[in-house]
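There are two complexes below, and they share chain A, which is joined by chain B in the first and by chain C in the second.
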Partner chain A sequence: MASTTTLAENVRTRPGLAWTSIRTWIGVAETALGVALDYVAISVIDRSESAPLRVVFVLAGLVLARRGIGDLVCGLAKREVDVGLWLSVGWLVALVVAATLAGLLPFSDYIDPSKSLTVAQFMTPNLFSAHPLGTDGLSLDLLARCVYGARVSILTSALAVVLSVAVGVPIGALAALRGRAFDHVVNILTDSMLSVPALVLLIALATIAGRPKSVAAAVLEDGIGLAIVTLPTVLRLARSFTSKLISEEFVFVSRALGATNTRIVLHDLTPNVLLSVSSYALVLAAVLIVAEGSLSFLGLGLQPPQPTWGNMMAQAGISDLSLHPFAILVPGTFMFLTVFSLNRVGERARSAFAAGGSVVSVT
Partner chain B sequence: MAGVGEIHLRRDETPVLSVRNLVVQHRLRRRSFVEAVSGVSFDVLHGETLALVGESGSGKSSTARAVIQLPPPTGGEVALFGRELQGVSPEELRQLRRKLQIIVQDPVGALNPLKRVRQLAAEGLEVWSDRDPEKVDAMLTAVGLDPEIYAARRRRELSGGQCQRLCIARALLIGPEMLICDEPVSALDVSIQAQIVELLRELQGSMGLSMLFISHDLRIVKSIASRVLVLYMGRVCEVGDADALYSSPTHPYTKLLIEAVEGGAIEADPGEIPSALEPPSGCRFRTRCPAADARCVAEVPQLRQVGDDHFVACHHFPDEAR
Partner chain C sequence: MIRYITFRLMFAIPVLFLVSVGTFLLVYLVPGNPVDHIIGPNSTHAQYLQIQRQLGLDRPVLVRYWEWLSKVLQGNLGINLVPPVESVRTRIIQALPVNIELTIIALVLGLVVSIPLAVFSAYKENSVFDRLIGVGTIAAISIPTFLLALVLVLLVAIDWHLFPIGQWVRPSGGWLTNLRYALLPSIVLAIGEAAIFTRLLRSELLETLNEDYILAARAKGMSSLHILFREALRPSSFSLVTLSGLSIGRLIGGSIIAEQVFSLPGIGSIIVNAAQQSDYPLVQGGVLVVAVVYVTSSLIVDVVHGVIDPRVRRRHG
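The block that comes next holds the complex of A and B.
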């Protein structure tokens, strides 16, 4: 009996074993090739070579390296691993940690042009120099500016998500529970808020509040502004989740068991609505990071020399894109990777909740 | 029947549950409504199981929900141990409902997805401020869910049958006298159905429960009910002792149901239930009845006694009793 099992297992796993070890080596080769390609494109090729060509090489190297890491991990783990998801988580964690500890990291100067007078302008990335991702038009370090800029992006979008959930969920839930007049009023208000273009509303708010000079002021001002813009969406989500929940059989049974309204709200509605809404929080945060970027790109957010991803791109200028692509590509890549990762992780969280934990979901 | 009447009610004893002339209307839009139940009366004595049988749309579930007053019926009276449930304060109703529990059709949906088995089983007890973990575990064991294995699971880690066992445990833990089972097994695999029905029967015996068992499946009803009431479009067709009803079905609709179960040739069944928005006049079954005539269009049939405990609402059957 035991020997039959072993035999069967061998037959099943042997080809797998061979493939996984081959795959591991393919992964190593791909990763090495990708990294080499990137290194050559960024640091070795003569600067006079055309910039778009180098960008293409960099991207090709990145894609190859990403594939390589995927094959490497799957090969080592001997099963399919969602490497993209873990890379996304890794990026987000690294970004948050770096932004938190930015003051302690050995960055070159990021804010005071008078201290960087001896540094060249628009240096291209060189991973093994004092300016790994290059410098901008004021000779300030791009890596350092991007990491400090991450503080603004992360804090602003987090604040906006927390505020809109904290205000929107109770009102939306109450609208679903009370119905009638209250629901009607809330509906009219959300409709009118949604009918005002978000950007116009934000510009108006920024005009009233003035342009923020410090990070704290920018986070507070933009955070509140963006929370107002997202409020109707969160409110609607909460309202629809709640109205689906109250027709759920387990709420009916709770009532039959003798549960009071308070108990039903505390035990059945609140946890389920919060879970469903929070599974959208990460996706919402991704949208808000782009929105914050647009605000500071338009000059409505934190003012230079304080860095944000948006104002870095604005400062680099569209007109200089062909001459100094990295000054705009570096902050652009930071924003891209962050939004991409948030969407990736958020989508995964949402589908996990939809599959198991939560009753209501929008698919 | 589809008829009306109270002749089948037993007046010599105080029933656990007594329902008189129950009417349930569901509002659709302004001023338009469907009448799901139109004047149904029945009673359930201590330890008895009354089955409500009928196709979907016959008003079975509406009756069940009206009995526990969620929502309250449009008309008629429901009394528990002779105590009227209409016109009492919400708090009093909540107290009274403790003796009247319900098992619903969708056992998975009836469980809060975020809670674990032991919490779910204890939900009712918590409401009544009774926290006794031993009681909960004993009841879980009694319904066949070993607490050591299942206590920490959530509903998605249970099968449909296990969910229904859990619902039964939760309902019985608060000590009801009357259990309403609203299609308790129709969402389950056929192989599981018999187990759950058997479990209900055992628990009913050991706890002295009275039951209102709602099902569209006569085979299941046969194995658990002592009395059967056949509903069609919100009215009673036939009611009586289960054996009498099976051995000599009298109403054409009852015959149709029994024939359908036995797989015999169905003589004449011209179609489906008519729209509940405009129920047929007179006998509501007449549009599908082979014996329908002018009288069936004009008059609503009254329940008549045809046996010891056997009542029928039909103008034509049994023939001799016109």
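The block that comes next holds the complex of A and C.
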């Protein structure tokens, strides 16, 4: 058994010339077939056809296209490339760029139903029309709403990560450095905060803050709420990284060379702890985007007509699910791809930059 | 052992105290006045003062906290504001069985699915199956619960008519019927748990499989199945035991989304609906109960962990 594994590995990692050139063409064929399959499944098959069949078709198409792109890139590069990782990076970059430039992009109307009176409701996605991903119950463009919704998700989670790191790292590091009473107090505080499930805590905070009506208010209120929820995780990360780093040789050497405590903290520890904690930023952002989505799905986040992925899905609702699945699936797919990419890229960042590998699981 | 348990208890008490302060302050921090939520805009100042006195809001915070806490310790969580006005305790006692049932089914399902997957995935490290498990578990962790719930409803309930949705039948209405309504929401909860369990157990198993005694067992000619399940699984499952214990606490309060999508009358629905109607005493009671359940279950998990793994005991003892 062991020998076959080795053999298979050799073939994969050190391919011959013939294989790479064949692989490129296999990749092209697979991609084309996958895209065709998805196109047929989404646009050609009649709406009345059974949904499971379409789901199977769409998934098969996606898997095939993904394999195809993988083979294509590896074949062209003549070596193994982690295509999934780069696709994830690509999605995140595209999303951030689109969300930033949303005002300049040629979208149909996303917020004012009075301007979309002539447009049909619940149009199915058709990539070559004015509404590439279809419309919702108020005839508003789903693509545009998803991109504007991305603004809320990205800004909220980014604000929350920055805030929780800014507050959590100094306190967590201090807990590790000072130890004793201060450490115990911090520990008890984090434990108390972690004893309430994140979403319950968020809901409680949302009752205090009220429901935001504008994007700015939502980003600020939900951002602060999410920062409070993430704070204990960041505190623990900072604390464990600091206590790990402080026993490292470079700190010992620094001390032996006569460095003061202040210099060790500022010059040796801070950059390393910050880097290690920041390597978790993407994974944290993934969790936060789901949390923000859940909050607005429950109707406690940004209120409609302003779009967020969560409130779009809540608006489409379970009653429309069987008739108009796209109104839910389109924002759902945006959210899933974003969270998946953040996790994928985040895990790589974590293993690359965190001191001593991963120490705490975030989820 | 006793020293270890005392140490853990000493730690749990301040946590519970802080949680109680936090939930008490929740009502105190709400902008505006609880009295305004009860009386209409046309009421007189005298009525206002009367309700304020009824609620005890005219006294200092510390006194109010003390009274609230002593009532809570006697199991009295007060009454809610929005009609139908009931005692918060009754509402929560009605809701808890739903959560307990969902949690148990989800946990069992999660463990049953994840253990074989993790074992096989660790056994064939870097194989196609292992990679599929790697991507699949990230996907399962990444998919938001509400999306997963909605997609499952769409497929399994609406298209295939396998499960009924949209209501809840108590066990008194027949165990089998009850199970039919509970299974789909439990599956939704179980998928996320199973993904986390699989990832954890796989990485622990990979470490164990590198140990010398596994090599020795292999050299003795023991079958792979025996080595994996009899020799390697047990020492690798300490953290799984801890994690599944913790997920009991987490699932009790963490099934909000599933409850909401499937319209189940659990404690999560109570908290969300109360939050939407600004019914603070109910939010307060729900949050408090969820937190106490979590702290208690993590306390039990830690003690059990200390019993089965002597290293933990010695570190703190």
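Quick note on the criterion: the second predicted complex is superposed on the first by the 337 of 363 C-alpha atoms of A that agree within 3 Å, B and C clash if a C-alpha of one lies under 4 Å from a C-alpha of the other, contacts with A are read in each partner's own complex, and residues count from 1 in each chain.
Operating definition for what follows: a contact is a pair of C-beta atoms (placed from the backbone, for glycine too) under 8 Å apart; a residue touches a chain by one contact, two chains touch by 3 or more.
Just so we're clear, the structure is a prediction, and the values are computed from it rather than from any experiment.
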Label the relationship between chain B and chain C on chain A in the superposed model as either fit or clash. fit
By the touch definition at the top of the document, which applies to A:M335: first (chain B), second (chain C), both, or neither? second
If touched residues of chain A are counted for chain B and for chain C, the larger one: C
Looking at A:D268 after the superposition, I want to know if it touches chain B, chain C, both of them or none. Which is it: first, second, both, neither? first
Per the contact definition in the header, classify A:A327: touching chain B only (first), chain C only (second), both, or neither. neither
Touch test for A:S254: chain B only (first), chain C only (second), both, or neither? first
Per-pair minimum CA distance [chain C against chain B, superposed on A] in Å: 10
Where chain B and chain C land on the same part of chain A: residues none
What residues of chain A sit close enough to touch chain B in their complex? 248-250, 252-260, 263, 267-268, 271-272, 275, 356-359
Interface residues, chain C side, partner chain A - complex: 11, 14-15, 18-19, 22-23, 26, 29-31, 126-127, 135, 138-139, 141-147, 150-151, 153-155, 158-160, 166, 196, 200, 250, 253-254, 256-257, 260-261, 268, 271-272, 275-276, 278, 280, 283, 286-287, 290-291, 294-295, 298
Considering the complex alone, what residue numbers of chain A touch chain C? 5, 9, 50-52, 55, 84, 188-189, 191-192, 195-197, 199-201, 203-204, 206-208, 210, 286, 290, 293-294, 297-300, 310, 313, 318, 321-322, 325, 328-329, 332, 335-336, 339-340, 342-344, 347, 361, 363
Mind listing the chain B positions that touch chain A in their complex? 68, 70, 94-95, 97-98, 101-102, 104, 106, 109-115, 123-124, 127-128, 154, 156, 167, 170-171, 174
